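Each of the next two complexes has subunit A plus one more chain, namely subunit B in the first and subunit C in the second.
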Partner chain A sequence: MRRLTVLRSPVGAASAVLLTVLLALAILAPVLWGDRAAAIDTDALQQGPSADHLLGTDQLGRDIFFRVLVATRLTIGLALLATVIGVVTGLVLGSVPSVLPRWAARIVISGVNIAVAFPGLLLALFFAVIFGTGTIGAVLAIAFAITPSFARLTQTLTASVSGRDFIAAARVCGVGRFRLLTRHVLPNIAEPLVINATLAAGSALTAFAGLSFLGIGVQAPSYDWGRLLGEGLNRIYISPAPALGPAIAVVLAGLAFNLFGEAAAAGHRQRSHRATAVPATTSSAPDDGGLLTVRNLHVSFPGGITPVRGVSFTVHNGEMIGVVGESGSGKSLTALAVSRLVEHPGTVTADALEFGGKPLDRTPDRELGTRLAMVFQDPTTSFNPTKRIGRQLSEVSEVHQGLGRVAAARKAVDRLGAVRIPEPERRAKQYPHEFSGGMRQRAMIAMGLMGEPQLVIADEPTTALDVTVQREVLKLLATIREDRSAAVLLISHDITVVAQTCDRVLVMYAGRIVEELPTDELFTAARHPYTTALLKAVPDLDTDRGAPLAVIPGRPPEPGEIGRGCPFAPRCPLADDQCRTEEPELTDFGPDHRVACWKSETELAGVR
Partner chain B sequence: MSELVFTNVTVRFGHHTAVDDVSLTVPAGQVVGLVGESGSGKSTLAATAVGLRKPTEGHIRADGKVQMVFQDPYSSLDPRMSIGNSIAEAMPRGTDKKAEVARLLELVHLDPGRASALPARLSGGQRQRVALARALAGRPRVVIADEITSALDVSVQGAVLNLVRDLQRQLGLSMLFISHNLAVVRYVSDRIAVMKAGRIVEEGPAGEVLEDPQHEYTRELLAAAPRRHTRLEAS
Partner chain C sequence: MTTGWVPFARRRALRFLTSLWVLVTAAFLMIHLIPGDPVRESLGLTAPPDLVAARRAALGLDDPLPVQYWHYLSGLFRGEFGTSLISGTPVGSLIGDRLPATVQLAVLAFLVVVAVAVPVGVVMAVLTKGGRRRGGELAFTSTSVVLAAIPEFLLAVGLVSLLAVQLNLFPVAGNDAAGSWVLPVLALAIGPAAVLARIVRVELLSVLGNDYVRTARAKRLPSRLVYVRHALPNAVTATLTLGGMMLAALVAGTVLVENVFAWPGLGSTIVGSIQQKDYPAVQGIVLVYGAGVLLVNLVVDVVLAMLDPRSTIREA
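Entry: the complex of A and B
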């Protein structure tokens, strides 16, 4: 199934058709036209193209067109043979270091490294001289010219897979080195290897034609395209067709292999990466005075997948709001939509998506860059590792606020101090790797403070940090909110983190807000069965060690799996027929409290 | 009985000492929780116990087989191998693999009919159960659990913790349970060891360590652990 993605691109489809034709020719041509290609006609020596002989005849009067067709088998067969030998040798040389003792492995690796330094065709010529002229010599020459790059590729891919946990797990289970290689490593690197082998076949084909053309490949009476080309070239000024025919065949076949390999590689890359672009469409709606107003926000992806399905909430000035949900609940995408960072092919729609009373899609980047700050989960990947921290901070002010270089640098130091980074002047001159994780996250927040943010969106800002550092970062967010009266939207999977810091909590499940309530009421008045189950499921330092932890059966639905009814119904102890057929809307339950549950009136056992 | 004993274990990477003269005993049939920050050497210590890393100095003694469950169930299972084969691979020779796979899947509350499924068809929580089943397939006496719930969603984490506790009691396993989350460690452990900068700074029965912490770093960890009814104020 996955292989078929190659055929979806025009290049892939065209090259696949060409390859099929070539293979069919290789199999059938000698059977169908072998006799005609070998037939000597002394009445028609060295003729030009005619109706009888499309590409003319050679010095023995044999039809060149049929000879080209018949030569397909030998040409492609030898190219594939050379590729197979080269790839297998490369594979062995590339993977044995992981099985050999260390000193032997080092010798093999060094040998490969040296061989890689020589250009392939040069190696082929070198080997051709060593092995002597002739078919076998040429096949081995080309095979060994392919070997080093393949050995290197295998080494690199093997190294990248070897670091994964499943290899360590298999080793712990007592799986031997050889089996580790054949069962775990090779299957996981097969795809790029196959793609590269296809590309190598294309170059082997042209290289082989080259050797035969030079007279050190296939010898008479055998003939391949390279040999036919060489023979035709002698009289190219008299009659170009006998040379052009095999030349075109070489080009077409080489292209077919290379383009097929490229298309397969492109398909492979597409599966591992997603493209980027930011389309966002919004229509304005009446403003109700919040700093951030989100009404009926949807984020969807092609294929009818809608991970955010109608989210509405308001953030007021200086408020700290927590968004809680599990992975796949849509919380992070909601944050990305608010900061206009949803990547292509995702589309964002909303009845209203307004920041400071203005539709977000009409807010200029510069304004958004200074008034809205975003803090991501992993501070390691948020900084450019090659630039000093201070410089990365000051660039924000140079770009967004038009500050001069000196003023911006001074501001950067000031902001680093504001997030309690000791010795901010010295630290500003350091690179990201010289900062600890917690320090980097603080620097990230400092970067957000280079503008005058009215809203800080923090997406799992403490998840990658240790507990002691986590507390510092949360305190810092609380301080910023107090000192600058900036609003904070804190997104977390950890309900205890949110409970400690926020004024209000939004609980998300399957792309919707299922409950919104003040934090004070979280442990006493939560009404949605999902909220209460979450609170019970997470152990803290007061959990009863004697009893099993509360468990929510099943798992959250994937965005593509949401059907009719309440998405939590399959896991909910209170669910009845109505829950399974109708999805409840988020409705007012009391002042500042909204719940999306048909059973919110039902008395639930208190959380604690 | 099946103890796991680390004696003066030191692991160095070049000039960096990841584990610094650690002596620690996991008594037979008990769970020792190992807490500490990332980079404190917890996982390196675990790697020495299963032979993934050789200690620079000191030695490790285990009675019976040691198996390990890894942190990230998304990378600890071979994506190209069915879960049944992954589990069967760890079994000793001569086992009736099919029956044993079914039994183990049942033991971790998974449908034995799914043995032929690839990991991609499973959720994170289910994958971690498969990883547990694979660890048990080698009939270990000692199991090392390295941050096994930190990659899981909270609603799934509880089920895995319950399972770990049940299995440990049912099979009488000795277990080294590593986590940065003190609340999780507290829930499963009989004893708690606190690690900082490669050293064990405190070790003792769980109740004592939590109620009467002796080392300043343990107190710091306890203070930082989130509690339900305390609010974090701006500093």
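Entry: the complex of A and C
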């Protein structure tokens, strides 16, 4: 089945046709035109192309066009023979280490590793010397030139399969090493091996042409394309056709093998994609001018996927706001959208997206770079591994604040000290991998402090850290907020983290805000069934340790799965027909408290 | 700098020396692996037996194998590669005469490859980022696949036929005039440049998806700095690894291209020597090519270690 998918891509189909033509020529050409290719015509020596002789004639008056056609058999045959010998030898060399004693395996592996460093042509020349010039010598030379890379490939593939569970299971069952290799390992790496063998056949063909061209391969009176090319090149001044004919044949045949291999490899890699449509919905919310104003924010991707669907909120100066929700609720994308970091093919639309009273897309980079600081989830991957920490901090001031290299570096050290990194001078000269996780996250915050941040957007800043370090980072964010009266937008999947540190909480579900309320009301006055379910799932000291931990049944919908109605309805104990057909808007429920739910306060109070 | 450097240098030097020893031994054994008597093979069936015997004695082929091996190794340390069976001149001076032309050709071609492929790859990555400009991507990929699939010596033939014979723009062969460099360098550079440009594009695209690129954008650096300062150095690792293999292949490619253009380098010499069965000359030249490849790999690894400090820890 899978082999046929190759033919479905245009490249695969074209190269398959080309290969078929080549094989047909290899079989039929010597039978059909063998005589014409061998016919000596002393009246027409070394002619240029004409109607009688499409590519001209050689020094004995033989027709070069037919000689090229007839040579297909020898050329393809020798290339395939060399490939088969090379691949089989490589397969043996690559797989024996797993059945050999350890010391012998090491010798084989390091031998292969050394040989693989040398280009194939050099190996082929080396073996051509040993096996002598001529057809058999060239076949063996090219075969052994392919061998090391195939041995290496087999080793790599075998190693990747050996770690899998079914191999471990077979080993536990007492399957012998040889049987393990032939019955369990080799069948599972067969496909990439076949693909690479096809590619190897293409290079064997061109390498063979090269050897024959150099006079080391096929010897007269036999002839392959390489030999014809070599003969033609001597006369290229007089007429290019005798050289170009065989050259084009080699290129076409090489391309056919290569492209077929590439197409097969592409088919092997392909993963299925799925996409579903989503009805567009909107919501609006009242707001007054704040530091960050977001109204009706949508983030969508091609294929009708809209992970953020109409989010509205306001962040005031010096405020600390938490955004909670399960993964996939759209909270991180919201953070990226409000910091203008969503990349193509994602598109961001909003009725209003303002920072400091100015539309975000018209705020110059210099201003955003100094007034808006970002802290990302994984400090390990968020620093550039090839640059020193100090340099990554100081470039902010160099680019945006016009500081010189030395002054900027001094400022970086100062800021590293400000986030309580010990020995900041020494640490600034180190690379990210020399920092611990917590220290990296503090350095990331220090990077935000290179400017004069009015807003710090922290996207799951503590998720990748252990619990003791989490506290330090949260404390640091709180300190920054107090000392610099900067606002903080803290995104987290952990409602307790938000409850401890923030003034106000936004609860997100399926790309929307479902509830917004002050933190001190969170445990007493939360209304939305999702918020209350989140709170119930948090164990505390009074939780019965004998009972299983509370969970929310079901799973949140994927962005492509959201249909009509309240997206939480399938998991909600209170859901009725209205919930399943109409999506509720976010509406005022009390002072500073907004909820998107159809249920009345009495009904909601019942589930708490 | 960091603790990784010393063990890295020791490990890498050890690997280089082991590979060099294997190479030297292989070159030594080459003469002994040839079926029959290499001197008889070389001088032909009609050569008088006393001449063959004298040549055998002169080459030391009658000594026991370990003694020959010792002589070979100690000769190499003194810079002696043996004597040509055909011309009777020292192989060392033959190599000395021919090597510069080959090295110049390979280095120039490599510089052209880098100078063309890196900017093209970067520009293509930026233009086709996030699935933009599908048509441009398809055109670029298919052009580079086709160019890369044409072996350098066929490209050379095509270039000669078109630019030298038809249009008479450049000389057909030799390396006397400045213009005679153009075709050999092009023939060597076009294929690798196509491959490298594709690699640079793919690597840069995968690097652009990394968190630290988002950090760089969050710092609101100009996109020029994001690409050149933050993304490119991280794409260098894989690019350079493959680039090193390509440079090694380019060294081998000179053999064929030199033969097309009658370039007075090692490549045309080794082919002539193989055809004439001048085994000491072949032995010496194989050694030079092999050592060249090993040296290229060593340099690539050291440069990698300097650019990306983590690579000194890797593979340990």
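To be clear about the criterion, the second predicted complex is superposed on the first by the 345 of 608 C-alpha atoms of A that agree within 3 Å, B and C clash if a C-alpha of one lies under 4 Å from a C-alpha of the other, contacts with A are read in each partner's own complex, and residues count from 1 in each chain.
FYI, a residue touches a chain if its C-beta (ideal position, glycine included) is under 8 Å from a C-beta of that chain, and two chains touch if they have at least 3 such contacts.
This is a predicted model, so every value here is computed, not measured.
When the two structures are aligned on the shared chain, A:V139 is found in touch with neither subunit B nor subunit C.
In the superposition on chain A, contact is made by A:G210 with subunit C only, not with subunit B.
By the touch criterion defined above, A:V396 lies against subunit C but remains apart from subunit B after alignment on the C-alpha atoms of chain A. Contacts of A:F126 after superposition: subunit C is touched, whereas subunit B is not reached. Within the superposed three-chain model, A:D542 lies in touch with subunit B and out of touch with subunit C [touch as defined at top]. Applying the stated contact rule after C-alpha superposition, one finds that A:I513 touches neither subunit B nor subunit C.
When the two complexes are overlaid on their common chain A, residue A:A478 makes contact with subunit B while staying clear of subunit C. Within the superposed three-chain model, A:V175 lies in touch with subunit B and out of touch with subunit C [touch as defined at top]. Contacts of subunit A with subunit B, set against its contacts with subunit C after fitting on chain A, share not one residue. Those residues of subunit A that touch subunit B in the complex are listed here as 164-166, 168-175, 183-184, 187-188, 326-327, 437, 466-471, 474-476, 478-479, 481-483, 493-497, 499-501, 523, 533-534, 537-543, 545, 548-552, 555-556, 608. Residues of subunit A touching subunit C in their complex: 11, 110-111, 114, 117-122, 125-126, 128-130, 132-133, 202, 206-207, 209-210, 213-216, 229, 233, 236-237, 240, 243-244, 247, 250-251, 254-255, 258-259, 262, 302, 339, 341, 343-345, 365-366, 368-369, 374, 376, 378, 381-387, 392, 395-396, 399-400, 431, 433-434, 444, 447.
Per the touch definition, subunit B reaches subunit A in the complex via residues 37-38, 50-52, 66-68, 70-72, 75-81, 89-90, 123, 125-126, 131, 134, 137-138, 153-159, 161-162, 165, 180-184, 186-187, 210, 220-222, 224-235. Subunit C meets subunit A in the complex at residues 2, 18-19, 22-23, 26, 30, 33-35, 129-132, 142, 145-146, 149-151, 153-154, 157-158, 160-161, 165-166, 172, 210-212, 214-222, 225, 229-230, 233-234, 248-249, 251-253, 255-256, 259-260, 270-271, 274-275, 279, 282, 286, 289-290, 293-294, 297, 307-310.
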